[in-house]
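Please find the structures below.
The same subunit A turns up in both complexes below, where it pairs with subunit B and then with subunit C.
Let's look at the complex of A and B:
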């Protein structure tokens, strides 16, 4: 297991390095001039050239990429071109909000999606199964920003029960949760539908296996068969998907953060792309990549924890 | 760092402004170390101690307007609050509550009034300006009194080429600031500079910074500004808010026109999307915002809000690159001008809410407005005739644009208009950072739709279209030596009437070259709670420090 873990960590490290190199090159391939943005409408050629040199933007791309990688491993992601604040500080300021939003959405998706899937599977072909199916597919096809706008209009504008913008303050947890509710639900909607369909399909497959049939034959109660034996195996593919899901949620968070004017990594990167603020783009995307890799690593490890067969295969290997 | 007292005070403000309810107040008060009886006593004093869960909505809104926190929207986050370097209007709209200049625009007008200056006397030749400072005006955070040495430092700092300040053009003719004594001095110019009293001294480039603070804080100053204004900088949480607090030792440099500052705290909240700002205002999360064009009618119909539509000095146009081989013939450019239906564009793209432009300067610029500028109504027959004369058929062009209010609708109307006269137009949307990238790549552009923002002086409208601006901002690639010469003369002309005439002549030259289809002078719609009276300049900038609660 330790060897496997080391191997996976090494792979994760390689992925992160490749992402850094790719990012370093990519931001320079996109047209646009950060100097123009920094200097604003008063940019003139001489001043632009001076500022470009000051920002080291006249150095070869390879040098800039190398500097970025070396500095990143030392914990230095550079400085915001505009405010001159360290990128690590800017990211640290918004990262908790994004992580909390993504985890809350994922939690909601699991809390609602899994029971819905189990319910649909255990009531296969009933009218309720069909209703759950329609609702799930509707949720899957609804982009988070559409759900967000609907929720905003209903709960903030019409009913005035939840705040429309911002994230609240950590010093007031209740207020923070109020600010979190709508964005988290909006971001979770797609995944609730997706997990419901996935769990249903997975459950139906497991319910047709021999060991479930045997359990039934032994007179084990339906409840125990469904929730103790069947669900435990049916949930395994879901866990694997959740790792990818976290990455998707981090990406989808951009729209939600913009709609709800919520601070976060997505809106930070989005704004930085618009202004060609390379250090923030590189640092922010690197952060997302690391989170994504870690989430997948965690999902992979939990997958092996949940499924004894994979542990046996590993031992044989 | 704020003290415990400050935090309690802030909490009380939040309660009065209805941002926290009674139970939240008690919970947060406990977190600040207040006992329940003490917190309850404060609540009672605030009128919320009764057992009803807080005061009535009406009372709370009135109180919020009277002494609470003002929350305003910024269209983007701040990044640099140093007036020598700030890159956007959002930075300026925060910094104008922190800083003061010798003179300023009286909020909401273009009337120049004394601020830090007790007396301000321009010499007749326009080469010098004597000033005497008001005495005993302190900078924030104990950085001492405002002195003539601070004036010298602030202005020469922007002018000094070594500092690479983007705004150095504002002080390009500055020779020096002579300090006579602690409170008086003279600004000396190398040659007269007419924009000085319009777009240098009354705005950011004219603010007086603390020499001591800038020197001591270094780069940190950009995000920890020290001024002498009615509000001092407290904190900036990127992507969340900027907090300013009433400066308790405020020296009162603006008191003559401002009276007493009305708010204990100002929060500036960056909200990128107009639609999100509409919702934030509607739900009471903010008190004042630039709202979306489609939201204007909705807010007008709502009695709780006041809408202010402020025409700006900015200008938008469809430009024609004269350098491009397809567009060198003036008849083709004239045909394009006749083909495009500007009134239809104003309706389709801007809900008919923006004023049509017929030249570069709008009437509210004051100087240089060309009242008799020709209005080119759509004339398809004339356009086709001009194309025929030019011997052109099957002309295909590309119209580049970037995302901005109404741009997608605008280019589609133009595309259809031009198709009607036989010009096929491909639309190409470019992201803003690429669109404004300067360089020789601009020469490949054929048609483009763009808007420039400007300052309250014609100089900053015309400067971008001289011959030296090729590959920079002169995207029409129009070079007219007479235009350049007039521009130079107008810059140093102190007689307003003569200067105006020069700018009108320049606009006539511009019109004759037929490289521009004027579209609009943008109007910025602002929405505010009825309980607030906003202060908005005639060029669309707002001054939070001068906002007042209404008597309602």
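Let's look at the complex of A and C:
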């Protein structure tokens, strides 16, 4: 187990380093003067000079990449071209909002998706099962920004019951939650459908096993079989996908944050792309990637821990 | 003699292979979900091809006097802030959605197939290097990788295709690699090698035809994701640029006026949902019909 843990940690570390190298070399992958790549063809000469100096663009590419990696590990992601504020501080300022949004969505998805899946599995092939199936597919295929725009249209524009702009402040928790409601639901929609489907499928798989049949034969009640034997095992594959889930939620958050004018990593990156403020783009994207790698690591480890079968495989390895 | 024996079944297989797509389509159409997918996808393809014939107006003709109207007889879905007919823009938008998604996913498939086949077949350090590169690209959520690439490439329709292809390719490479690895284990490959076949022949004639089918199903299932990413990037103003009527561009125009009229956002959103749902249902039915692994599971359950 320890050996596996170390190996997995090392792999995650290597991927993070490579991600940094990729982001360090990115501006040089596009043909042409990197300053023009960053600022656009109509770059003003004064700003060009700042960019060239600040990002050390005249140094050999390998040196630039190495410096970026070393600095990033020391928590230095460069400076905003315009305000000269450190990128790390800008990210730290908005990160909590994005993390809260992503976790709230993930929580909603689990709270709604898992029971739906269980319901569908325990009522297999009934009309309600079919309806849950159609609803799940519709939810899965609904782009998060369409969900966001529709919710905004209904609850903010037509009914005017929930705020459409900003995040509220932490000092007023009720107001903050009101601002969180629509974005969190919009982002959760895809994963509610996805989890419902996944849980239904894995639950049906477990219900088809011999030990469930044996439990039935011994006269164990339906309820105990469903919830104690089947659900417990069916939930394990769900844990494994939550890491990927957090990644797609972080990706979708960019649309949701722009739609609801919410501060966060996504709107930070979006604003920086529009103003061609490259250090912020690079730092923000790196932050998302690191979060994604960590989430996957965590999901993978807890999956291994929850499933005794993989645990014995680990002991042998 | 040693040659004559295997040719006859091989020839019969070829005939079956040509007949197979038709019977697969028939099987797909027999299921309600598959039929829905077929109808939607067929309809979208027809709209894309025949857009100038079907659309009542031009997609860019402005008529300021009739701006921001709701649905009416003259404009069945209403008009946008420049008085352009929304129905016509949605119909022409089908061209953009499919014209970006299909080439992008096909390019991702081609690149992933080549990389994955090389990694899986050659193995050793080549495999390790490719795995590491794929791991790095997959450390980003697809949308974020697409955004980072667009930040340096600049927004344009062509760049959106490139960016989607690059962010989708690693997944194909992974699947292709895994499929090559399992196909390589077969005895007929070993037999072929012992007869002195070159690597190129083994991969090209014996391995690729065996794995291409599964990859094409993935392609059908990825088109809705590509449509979603394109429209999303265009919605942010970083993808296809106005006045090109991408559904994302229509959403963005509508979002700016969302307090005055709900129609552009509503229609473009519904159109996106319909398209992604149709392609997903078609793709999933195809997978259920074709993928032998799933078929085996179902047979097992029935008994």
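The rule is simple: the second predicted complex is superposed on the first by the 287 of 317 C-alpha atoms of A that agree within 3 Å, B and C clash if a C-alpha of one lies under 4 Å from a C-alpha of the other, contacts with A are read in each partner's own complex, and residues count from 1 in each chain.
The rule we apply is simple: contacts are C-beta pairs under 8 Å (C-beta built on N, C-alpha and C of every residue); 3 or more make two chains touch, one makes a residue touch a chain.
This one's a predicted model, so the numbers in the text were calculated from it and none came from an experiment.
Asker: Touch test for A:96: subunit B only (first), subunit C only (second), both, or neither?
Answerer: In the superposition, A:96 touches no partner, neither subunit B nor subunit C.
Asker: Kindly classify A:86 by the partners it touches after superposition: subunit B alone (first), subunit C alone (second), both, or neither?
Answerer: After superposing on A, A:86 lies clear of both subunit B and subunit C.
Asker: Name the contact category of A:152: first (subunit B only), second (subunit C only), both, or neither.
Answerer: both
Asker: Is A:168 contacted by the first partner subunit B, the second partner subunit C, both or neither?
Answerer: Neither partner.
Asker: Answer with first, second, both or neither: which of subunit B and subunit C does A:260 touch in the superposed model?
Answerer: In the superposition, A:260 contacts subunit B only.
Asker: Looking at subunit A, which of its residues have contacts with both subunit B and subunit C?
Answerer: After superposing on chain A, subunit A residues 30, 37-38, 40, 152-153, 157, 258-259, 273-274 contact both subunit B and subunit C.
Asker: In the complex of these two chains, what residues of subunit B are touching subunit A?
Answerer: It comes out as residues 20, 24, 27-28, 31, 76-77, 79-80, 87-88, 164, 166-169, 219, 222-223, 237-241, 269-273, 276, 279-280, 282-283, 285-286, 431-434, 436-439, 452-453, 472-473.
Asker: Which residues of subunit A touch subunit C once you look at their complex with the stated criterion?
Answerer: Touching subunit C from subunit A are residues 14-16, 18-19, 22-23, 26-27, 29-30, 37-38, 40, 137-138, 140-143, 145-146, 149-150, 152-153, 157-158, 208, 247-248, 250-252, 254-255, 258-259, 269-270, 273-274, 278, 281-282, 285, 288-289, 292-293.
Asker: In the complex formed with subunit B, which residues of subunit A make contact?
Answerer: Its residues touching subunit B are 30-34, 36-45, 47-48, 50-51, 54, 80, 82-85, 90, 93-94, 152-153, 156-157, 160, 163-167, 171-172, 174-175, 258-261, 263-264, 267-268, 271, 273-276.
Asker: Write out the stretch or stretches of subunit C touching subunit A in their complex.
Answerer: 132, 135-137, 139-144, 147-154, 224, 228, 231-232, 235-238, 251, 254-255, 258-259, 262, 265-266, 269, 272-273, 276-277, 280-281, 301
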